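Two complexes follow with subunit A in common, the first pairing it with subunit B and the second with subunit C.
== the complex of A and B ==
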């Protein structure tokens, strides 16, 4: 496999990424984004081996966000990881964490109760802990039925418009409720929600765990559907910030040969809803008085998209809600990173300022677009956590 | 995205943050668009106002020296009163956010650097009160083992060359490495963060006590490791029997992060919308006014509409200017980047710089020509655009490196540009 290397040349070693890297703040065992990324890339390109602390990079992308010179530091790190993993077979644990969707598909015949008993009981947790998945980390439970299967059986009413949804593994496997909250809002705005059958995991967990080839396979499948949607003029959205970033930024960066016919476009679902409001398709007139105090957490992969915080904006437009932006940095989990036994403490240290902010906020619940951020928020701050679209539904839906 | 804001500020350095705070304080809806986090958060955090004019050190209050600057200098365009008001607002915000800035009574502070030079500056955090050296007779310069660029012997050897603190007896010491198992060389920021914890503070306090017992001194000079918030500094200063003075360090300089954090907290509490990781690349203009900026992002091009725009995009380093052989242009509107006297940059790029590294470089003071409202000007002197205003390094007519005026000009021009933008909407 030929691997395209992002250029490190714009780096002037200014240290902005070092200041803003949550992992470097949490542990002195990580050399830091500047040195592991652009600086070490020069040695890599000369074939001089790998920096020992590369595995600490969580791919949260705060280096990219903070870089004043446009260096794709996280892409350099993930490319280095891909090459390292070609030469050194990754551990079983990393395969498991990188292939959640495939695992879920294999386990599909089993009822959720059995799956959850099988996966979440203390004995299994101990066995998983032995292969490197921390027994202390909060493990999400399988939903009784995959979101896309349930949606296929759901009557959405006669809608004048269509929108394609890339559900993302989290909603699809663990959290269909949030998916249906989004479908509810889109139906209300006059959109029928479809999920093209090719849509599979965006590949980000594979990239983060060193399985570049598998990510490429998934990118190909997804691109087929994205191109078809584009040809049919159907917009594609996702409510998961990491999936959106993967499709729009990482796939073209890592697999440029796959996107010669145009870059994939997957829109942020919350920005799409805001546009619906602006076009007059979606009214935000409240049906319920939900006088709740909410603390919002912006996922790093949303901040990296360069479109501001549309989910937060949407919440602030909802009458009755009092929403504050925690603005306390990364939650630490970074997808599968915080589930790793040797990274669990790093992830909790990274998230500590955020947990503290949430606990002190006096808010009843926290809110964030990213599924694993929500798991980490519940785990670290001991408060329930919802997706913005779920709050939207709570406020707008007429209750019987 | 097409939702319109009142004022779009572009850039997250000192000028961008200051402009957003001023505009929002006037009750306008403000969004701050940034690509990268600017350079304020990696610098020393010292607010230089004016250290030198034509290579001569400014004596006394630098605000009294502004009239000696050329008429097109940004300070002359803003005017002394404006500069004072702008700096006063910055001080108010920073004091409220636990990062108080103050000036010495007599003139510029000469803050020692970790390389042993003295840097003239005007407003600083209390940990950089270098005038305390004037009354000290014995000074202990403390390094820290494991900290990179920490060489007390270099500092004392260099400082002995300066006539002013010549009577001082200099001593050196090394504090123990507080993170001996670390996989990397420590930066002052690593240690400042450690000092924010109880154990870290205890390490620093006991280390300084021990060093002072071995080598009694009237004052300790140390790298900028005294925590990140003002409260931590106060606790440390009270726990050590002699005054502590921090030296300005190489990036990450810690002091800048203290200010940056304070200004970001203010922006948050005021409710400024933050749009990160978006690089403004083009403008949609209609006659003499701008409707929207187009930004490149991870998810393709996006439009950002506003009624007025403050451009604090920086110069050649910050990405605010683009250059090609024989020409430099401002990156978003394509405005000409001109020399301090309004002349174009020389045809040959090698003539943009002076042979003497400390000489007068054409590139250093080149920038966008503006009027007293910070509107960019056409060649005939009329405003090129009525709702676009420039601030900070992108403004031409000053050389922040030679003058030591970077943050001062940034704050002054940001204040003026923000008020002018507010008057437009």
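== the complex of A and C ==
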């Protein structure tokens, strides 16, 4: 074996993970985290061929969340997938879904309208469907300009403090608006937002699609910037829970040799804003009368960090909002999982209880930190969906 | 009264090997075993298919036999053998002079021992201590003792040989200095079985002294107890031996999904002395740690012990006693029609069986030559069977099941064809309902314990916590009844698991056992603790 494997030893087969696995519940094609993870791992070490249902693991990490003994079930699965992909070249589809950022860079010279026409027209969708990207799945549209490029041209005022932002691919490529909502809040709290030039895709989609080497390359690049920021005493934040999880948990787990000189942490942006409120840097006095009902969905990758729900807390501090926690499990999309043709229905089945809850909640909007969760929420529950920082801005910003 | 030419006493590898050998030569034979097949020493060892390197210095004759048989076994028993290769690794504190002698002795015995750069060895086996100073690669391999015995039994059956399990020999009948028959008691039914025969082979291993005494003979066999530890996963993919004078706790063997590490060597009077102790476990860990520094962080599943049937005519004991095998024709002591085989090791079981069968054939005037070195024990499953199996078994499990079941594989696959759901009852060792049902229906199967020996049910991570109940329920649903009630059967099964869990009951395995106690004793109240609730 060429890759370091997490140990299956802590598993006592209690099946807590099986009970809490949304994918196993949705499809018989997935034999469940306990079997595919720690149980089968013992046979992988024996050199037995790969278990076919491994590819149905969505890496949502509800197994890790529910394990009472700290077994890194999803890490076992993702390591097995990486090992499998070393021997079996992943499909083009998986490369495309694992390398959204690179793809966006390649398409950069084209204007967004053309890109979107090129990618989203029915003919292209049919072609993509052929390679395994479901024509039924909701596809995000490219923004006219990358978030980081636009931010570089934006005057943020003279701010006393600095914070580094790891934007994450979703905001950077598809959703700069949310990025600017965050920048607005941070500016208001007295922070100038910088984006170190090394920052590139956190690597989580690469891991999930089996491109371990590429993920390692990106981790190295990102760590260079993280270490520099640490040396300069500038905190690094990200508003995307999956990116935070990748930096803080998965990189040290998968590439322990990269973090031998310490593990630079990326802070949850919403938790950072809460701290700003606490320190008196950010006032939550509303500028607008709003009376909205919001239903909040906690992304699995946020819950997997065990750091509470800072985005939800932030929303609850905002006057005028009535916020309920949907608390209905995984939305199903799991990054790029729900875009895959053979998994689209699984993802929709997984998300069904959440969609149902959102629809019945009477809320006008759903809200979640994760970009692809929001896409899925819009698709499945037919309601608009926003990031907590966007709501924050909506309440706090004086409208002209 | 039953009639046969040869009665073989002892259903370990040697006895069953003799049964197969004789049956292949067309000699009528019946084997008697007091427990299940391979319940004694043949299942209570490392699972190491010796290259002979371990014996090269001290016992060159054994070493030469081992290397020859090692390559024969890879050919005839590939379903039971995993060709892993082995390392001999020396640490700085090990005597370099011994290593030099060992290399020379291996060359002498015809065992390829190739030096491996320690850094390369660590790349191949990353858990190995960075302190290793010298590493050699040898053709050690791994063998599944349970399976080897079963496959031999299946093959013997094909050739007309019969093995009666749970039949304990109670008397050996002689008339005028000649053996005429054997009396045995069926331990399941209590019935007495009389078998008239021309020849008796005593292959009872550690019990061979007891058997010989029934014929009024005195033989020098001293049971020697060895304890081993089973770890939850394979932390080495090769056999790893410490390169020093053979001693306790210096062999690590990857065995299927687990790693087995041992052994100790303690003389004992009782051939059935298979109770491991915590002291032995802790001592083994101390001894093994220098080679695998993280040894204590790997989860221990259980410990087990067995007795080696050492042949000790010269009063040598323990490691000083020869590991070689000996055949004694009791004609020299005035009893015609009986021979005993002592000592030896699983690696050379086939050769032992061949030599013994040669003697028996000479005495019976049979001239058919031995064919066990050429003919595979189990024929390969057909591609069609494998293809059909892939539909009803989890894809990765097909090879495991095919190797485990041997001859019976095609039939089990046929049985699953009509079933909608071939549930995985034992997830730790990947055993499905169809396999369990098939084995349970075998006339030689009397309990879940017997099912375990052939399928590995309950031998993995959970040590029976989940699969015992599932298997008992599935068998009840399918109307497979044993003489034991299902409740009693489950209780016995768990009690046997407990025996091996107890000496290493700490850390994760303690949690596992608590979960098991919660399931069986609290939720199911298996021990019937009704009074506690009444108080």
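Please note the rule applied: the second predicted complex is superposed on the first by the 398 of 400 C-alpha atoms of A that agree within 3 Å, B and C clash if a C-alpha of one lies under 4 Å from a C-alpha of the other, contacts with A are read in each partner's own complex, and residues count from 1 in each chain.
What we mean here is this: contacts are C-beta pairs under 8 Å (C-beta built on N, C-alpha and C of every residue); 3 or more make two chains touch, one makes a residue touch a chain.
If you're wondering where the values come from, they're calculated on a predicted model, not measured in any experiment.
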Touching partner for A:39 - first (subunit B), second (subunit C), both, neither: second
First, second, both or neither for A:128, with subunit B first and subunit C second: neither
Touching partner for A:69 - first (subunit B), second (subunit C), both, neither: both
Partner chain(s) touched by A:47 [first = subunit B, second = subunit C, both, neither]: second
Subunit B versus subunit C as contact partner of A:14, first or second or both or neither: both
Subunit A residues touched - subunit C or subunit B, whichever exceeds: B
Touching partner for A:31 - first (subunit B), second (subunit C), both, neither: both
Subunit B/subunit C common contact set on subunit A: 12, 14-15, 31, 35, 52, 69
Residue ranges of subunit A in contact with subunit C within the complex: 1, 7-15, 31, 34-35, 38-43, 45-52, 69
Contact footprint of subunit B on subunit A as seen in their complex: 12, 14-16, 18-20, 25, 28-32, 35, 52-53, 64-70, 244-245, 248-249, 263, 265, 267-268, 271, 274-275, 278, 303-310, 313, 325, 327
Residue ranges of subunit C touching subunit A (in the complex, touch as defined): 82, 232-234, 237, 254, 256-258, 298-299, 394-396, 399-400, 424, 427-428, 430, 460-462, 465-466, 508, 511-512, 515
Subunit B residues within the subunit A interface of the complex: 1-3, 31, 35-39, 41-42, 179, 181-184, 186-187, 189-190, 193, 251-252, 257, 264, 268, 273-279, 295-300, 302, 314, 317-319
